[in-house]
Amino acid sequence: MPISARNQLEGKVASVKLGDIMAHVVVKIGKSQIESVITRASAEELGLNKGDTVRVVIKSTEVMLQKD
Amino acid sequence: MPISARNQLEGKVASVKLGDIMAHVVVKIGKSQIESVITRASAEELGLNKGDTVRVVIKSTEVMLQKD
Amino acid sequence: MPISARNQLEGKVASVKLGDIMAHVVVKIGKSQIESVITRASAEELGLNKGDTVRVVIKSTEVMLQKD
Amino acid sequence: MPISARNQLEGKVASVKLGDIMAHVVVKIGKSQIESVITRASAEELGLNKGDTVRVVIKSTEVMLQKD
Amino acid sequence: MPISARNQLEGKVASVKLGDIMAHVVVKIGKSQIESVITRASAEELGLNKGDTVRVVIKSTEVMLQKD
Amino acid sequence: MPISARNQLEGKVASVKLGDIMAHVVVKIGKSQIESVITRASAEELGLNKGDTVRVVIKSTEVMLQKD
């Protein structure tokens, strides 16, 4: 079911750290990495584990740009 | 000056479309692309043009994950 | 493909207004309505039209609460 | 005092889970539910408890859409 | 009706620029200024005009920090 | 390296509270204060301490307005 969020990148979970409410997930995407903070509840329901293939999803209005 | 946003990826501007208030910018990052919507004012002040090297910046709380 | 965003509500598109860069979409959900601003590009690629069944998706970190 | 955020839905708190920094709050709205992650400080200052009537507030630029 | 968003600063509208879908509003707060992009619909419904006293509202999860 | 985020205010760290995943930081800016929630990892990497001079950075699409 396609979503309006324009940024969807496939990668592999490099680490999952569960906190009381939130979880910090690092995803390897090619030579880069993207970090995500989601609820612990979602991390558990998705069953996120190191090595899982996941898709990172980011709404374009959340993306900033820097230029020298 | 380091920023707390954990996601910072370098790429090249592939296109800039200016609207009345907002601007839609596509950035090539390796084999992926990231799309950003910023204000037209910022796009003009940064002088964003096709081919420019830019850094994409995303706060980790804005990043969602999908898993099959 | 399940997404970490915890808020997913089904509704029907009540109106779509396309701007130069962004689009403003109103979705009826039961007796409530939810308004969404996405890129015009996404609105066109999803082919959003009045009457379409859609799912509204919201990351829980974006939800504020008011209480008297 | 009206706020620019276009999404304001009234509901009842179904659960509050307090963490060290954040709090996870579930709100029943009609037959749906909305989940919110706010600071623990705000949850305490608002005195959020199960059964409280609250209003959920969401900026429209944070709302994504999915369509089959 | 108190809101969970922890940042609420009072200021005066310095300018309002209406676009097709969005509006760009500049608010003077003491010696600083804050810029806001909201929907044109909200800018019109709030009747925002230069000189109006407004309150700027920002969820703390949207605030980044830079340090040398 | 200039960033597209239009809101950049200089202040001094008034407090830092570290949680398991997130950190809650209060920044004094003139007579106002701004609160930020970032990852604990970023708070540690930036070495944030009370009294530090920091810059608060906020994307304009995250700023809401209230008016009586």
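The chains carry the letters A, B, C, D, E and F, assigned in the order they are written, with residues numbered from 1 in each.
Just so it is clear, a residue touches a chain if its C-beta (ideal position, glycine included) is under 8 Å from a C-beta of that chain, and two chains touch if they have at least 3 such contacts.
All of these numbers come straight from a predicted model, not from anything done at the bench.
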Chain-contact steps, minimal, separating subunit F from subunit A: 1
Length of the line joining the C-alpha centres of subunit C and subunit F, rounded to whole Å: 29
Cα-centroid distance, subunit D relative to subunit E, in whole angstrom: 21
Subunit C and subunit D: spacing of chain centres that average the CA atoms, whole Å: 17
Multi-partner residues of subunit C (each touching 2 or more other chains): 1-6, 19-22, 24, 35-39, 41-42, 46, 55, 57, 59-62, 64-68
Full enumeration of touching chain pairs: A-B, A-C, A-D, A-F, B-C, B-E, B-F, C-D, C-E, D-E, D-F, E-F
Subunit F-facing residues of subunit E, complex: 5-9, 24-25, 27, 29-32, 34-38, 42, 46-48, 52-68
Subunit C - residues contacting subunit E, complex: 17, 19-24, 35, 37, 61-62, 64-68
Residue ranges of subunit F touching subunit B (in the complex, touch as defined): 1-6, 36-39, 41-43, 45-46, 55, 57, 59-61
For the subunit C and subunit B complex, residues of the former touching the latter: 1-5, 19-22, 39, 41, 59, 61
